[in-house]
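Look for chain A in each of the two complexes below; its partner is chain B in the first and chain C in the second.
So, the complex of A and B:
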């Protein structure tokens, strides 16, 4: 079977871009998180949607699973081949197809990296930008979109899937379909007013199709940018603070963070608030609005804004920030993973305390924080735990802390984001049974051969 | 394996794959093959797996390791301070460990054998190292300020020899006091060292140092940035005491002595930073200073320049072993496409390996009508009154 598979994959993408060598099978059996290895049978690197289509056709014929992968940076093991099969590394599909500067959207192929679009816009459309996640710049647009990612414009524009204007998808049954306006028109301006089929591929962890193109919203890239950091000591005040700050509708991004390191930060709750403007006057106006929104707390001397020297401000404004990847080196061990919990902002204090308790219980190095989504409509609260990859016991502790965090999150009404297989099981246990039955029926209809990333979102 | 204690610290975040401005993939071997295994993080994880007994040494594993062009992009852009400084040391140690096991791609084995037996990559006699200057009035080294060292490519490759003559004539005209090193010289050893053959490198270095000491050399001018790197950074560890400069570093300050033709038309030139002059030795300006001093030259930059420059794919012995060849996206082919996209008609280089690699790529890409590759000295000669 494998020999035939490799031979036929080679005919599709060329022998240079197919491998079942031990080296590739080993490396693609895992991601940088804590999930155990799951070996694929082959790795293939398609260049076009037609090649993806042919691979899916072949997989259907041979009843071999297909697992699409972007940069493989999800950390929760979603691109592992749980039932073997072919991992499709999509990063050769890296063309930026078009930018519509007036209607502010871009159309890119499924393997385009976040950093590449950022660089492209900087060069050719410097007045535009897209919402970059905190992931490293090699992370792909499509991968982040498909997991409902969020980023540095998420207060302004919501989660990244809210910024999606349409997709081209290779279905498990081999058709290449389009969702959104591009299914009717040459323009990729949005998902309405049609029945919104994009949801069939968002949050499904690659179990319903393979995204080969996507349209995303772009936003003004301001000439003047600034950052405020609000600091308080009482977690119970955070929901109201977030409510007030988002209420003035000027922030692009708001990211609370609570870490024990550096020492000066320990015990404090910070909120980074990024905002921009076309002029200095407008920037001052927006700063004043933000400051006025939380005047109540400043007047009571229970909280305030942290004075920031310009160099530090620039560091906070850097997008993406390598500081986040550096958390992996906290224990000189090359690893971290986090539970990103989507939840309502009123659960902030509860989530914060749960994070501290779990870190204490499992003796793990932690960083807690959140990204506000929309005008305080939700947040992605993250519980990040660093581990030493070379210490099995340390990895086990982090893994147990993650598992406990997933349970705590579900108990408080949140939902683990980009959930790893064990967290998916926890979610499915809580999910309305009829909803899960519908998910299963939809998936069976789309994927009658059950070849798409099997082992995910199934009991 | 040396440095194995840091292998597990690689997070595989992927900053190493890109330049600092993220415009495109910038790791030569990852660009050529696109499997995660061929990226720096992949090598780190595979080496760890090998030491842990989870992956065996194999021909493919050897190809993955030895295809690293040692360009230093990963070192420049890795997100982890201090750790990143050891990345190339780790890969070199991995190659050394494979060589100790007797596992190397055949072209690597052949290259090292030639260096072992003949003292150079071409398997030619040492006495032919100066044949490029025979029949010219280029002086041999006696007591001049600088001794000009010809690396293997400029000594033995026909195209490299043209470059050597061009550089030497230009240095003469610019009034630089130099003579060509003649004697029993061997390869500079830079690529041998990068391939992990440390003992052979030490032999080559010790031999060359002894010969230079015998001749009373105090200042070396190199034609290749690879020689610069070995002699400046690694020879001192072997007892080398000479000051070492790339020829562009001497020429940049002697440009005022040259006379140029008048009425030269404007020409758009883009400069390709050699990895061993740029990222490895932090000189991004000498080549540009020279080009800016040439009348009519309008210098335009590629998206990937200076610390972000894309390697031609010739480093780490790949110039000789060719482990990166074969696809549409070999580093050299991508690089000449990038150069052509600037609208430049000339791609200036300051390394004989880059010159050969990029000239071949221009032909493969059918860009001959749009773009010519010129070594910096040749470009200056074209405009000067020589």
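So, the complex of A and C:
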């Protein structure tokens, strides 16, 4: 079977872009998180949507699973081939197809990396930017979009899936379809006013189709940028603080962080707030609005903004932020994972305390934080645990901490984000049964051969 | 705990109340108003000055009797729990600047230059100006004067003697000198003015950077290439504790051929750089101070904006550069004149 598979894949994408070499299958069997390895039978790198289509047709014929993969950085093992089959590495589909500067959107292929679009915009459209996740720049646009990612413009524009204007998708039954305005018009301006089919592919962990193109919203890239760091001692005040700060609607990004290192930060709750403007005057006006919104706390001396000289702000204005990457290597050995939980902002204090308790119980190195989504409409609260992959005991502790965190998150009304297989099971246990039944029917309709990333979203 | 050296009778007999009447940040209706507020402070009652004070140190310089009005004011702020900055800001700063206990003995020789807690500036100690100099640096020898901005005399009392002990035990005890060159005004102010007022003994001889540079320029006189430039000087708050050194700075500028242009906001009328009010969450005031400083400097036709305080430079440096002036430290300017 494998020999035939490799031979036929080679015919589709060319022999240079297919492999079943042991060392390559090893690399594709895992991601940097804690999930155990799962080996694919083959890896293929298509260049076009038509090649993707042919591979899916072949997989359907041979009843071989297909697992779409961007950069493989999801950390929760969603691109592992749980039932073997083909990993479809999308990195060769890396064309930036067009940028519409007036309507502020870009259309890119499914393998375009965040850093590629960032560099492209910087060079050709310096007045525009897109929302970057705090992931390595090689992380792909499509992968991040499909997991409902978020980034440095998420207060302004919501989660990354809210910034999606349309998609081209190869279905498990081999049709190439489009969602959003591009299904009717040459323009990729948005998903309304049509029935929104994009949702069939967002949050499904690659079980319903393969995204080959997508349109995304772009935003003004300001000439003047600034940031503030709010700090307080009382977690119970954080929901109100977030409510107030987002209420003035000038921030582009807000990221609370709570960490035991450096020593001076332990026990304090911080919020980095980034904002930009077309002029210094406008920038000052926005800063004043943000500060005025929490004057209530400042006047009581219970909270305030760190006095940062301009020269110290630059590191906080870097996009993507290097800080999480620094923490990721805290324990050395290349292990890092986090539970990102989508939840309402009123659960902030509960989530914070749960994170501290779990870190203490399992003796793991932790960093807690969040990214605010929209005008305080939700947050992605993260419980990050660094571990040393070469230390089995360290990995075990981190895995147990993650499992406990997932349970705590669900108990407090949150939902683990980009849930790994065990967390999916926990979510499904909690999910309304009729909703899960609908999910199953939709999936069966789209993927009658059950070839798309099997093992995910299944009881 | 030794009280701050302060003579209430001397203060009561003051005819001018310069400490408050000359204040650039708190307004008084008339001298009687100022006298009332001063009396309130002296006698431990609440005063609006305790709430409105920018903590710029200037009243230390304005007081004709050298009666430590500012140190007393900080004492009263702390007694009453009137924090100029929010509590979490203060607490984080206290932790950031706490002695680490990681100091290690190091052989040093004269001149020993105290870089306080700021290793990023040790690179400034170079060339013929600082020939054969040793530097010492770290939070274990932090001068701790910053707590005057945060109503924390208690921290000064607790940490300054330890810093002094560390300087002696780890560096100067076995060195060939009893002199410590203070790169920052803050350190010199601590080991002279603050120590004296708080009853802290200082076993070494603090040397102000300006005095050190001035002496070195006499030695290096034949190497000086006059810069022939106009400079605007941003006098820092901590120089208010050693105003006599401002004259030394004039001598330095004369020796290297620069003209310290007359500014509205220089000398006794120097204006805060805007850094401290940001910690006090008074950003709009800070913006105003920055703008006043910049407008004032630009109106003089100066080519350089010269700093001696690294915090002032961090606060104003970028703005100054954006507006066309070259920000530079005094020591770097001197090295420029020495062709280095």
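In this section, the second predicted complex is superposed on the first by the 458 of 459 C-alpha atoms of A that agree within 3 Å, B and C clash if a C-alpha of one lies under 4 Å from a C-alpha of the other, contacts with A are read in each partner's own complex, and residues count from 1 in each chain.
Following the convention adopted for this analysis, contacts are C-beta pairs under 8 Å (C-beta built on N, C-alpha and C of every residue); 3 or more make two chains touch, one makes a residue touch a chain.
Fair warning: this is a prediction, and the values are worked out from it, not measured in the lab.
J.: In the overlaid three-chain picture, which partner chain does A:302 touch, first (chain B) or second (chain C), both, or neither?
T.: In the superposition, A:302 touches chain C alone.
J.: On the A-aligned overlay, A:340 touches which partner chain: chain B = first, chain C = second, or both, or neither?
T.: In the superposed model, A:340 contacts neither chain B nor chain C.
J.: Which partner reaches more residues of chain A, chain B or chain C?
T.: B
J.: Just to be sure I read the superposition right, which of the two partners does A:91 touch: chain B = first, chain C = second, or both, or neither?
T.: first
J.: Could you look at A:287 and tell me whether it touches chain B, chain C, both or neither (first, second, both, neither)?
T.: Touch status of A:287: second partner only.
J.: Taking the superposition as given, does A:389 touch the first partner, chain B, the second, chain C, both, or neither?
T.: first
J.: Answer with first, second, both or neither: which of chain B and chain C does A:206 touch in the superposed model?
T.: Neither partner.
J.: Of the two partner chains, chain B (first) and chain C (second), which one does A:416 touch, if any: first, second, both, or neither?
T.: neither
J.: Residues of chain A that sit at the chain B interface in one complex and at the chain C interface in the other, please.
T.: The overlap between the chain B and chain C interfaces on chain A is empty, containing no residue.
J.: Please output the residues of chain A touching chain C within their complex, sorted ascending.
T.: Those in contact with chain C are residues 231-233, 263-265, 268, 284, 287-288, 291, 297-298, 301-307, 309-312.
J.: What residues on chain C touch chain A, complex-wise?
T.: 83, 85-89, 91-92, 95-96, 275-276, 278-279, 281, 283-284, 287, 311, 314-315, 317-319
J.: For the complex, which residues does chain B have touching chain A?
T.: Listed in rising order, the residues are 8-15, 17-18, 21-24, 33-37, 42, 45-46, 49, 54-56, 58, 60-61, 64, 79-80, 83, 303, 326-327.
J.: Which positions of chain A touch chain B when the two form their complex?
T.: 16-17, 19, 21-24, 26-28, 32, 43, 45, 71-73, 89, 91-92, 94, 113, 115-116, 118-120, 122-123, 136-139, 322, 325-326, 328-329, 332-336, 388-390
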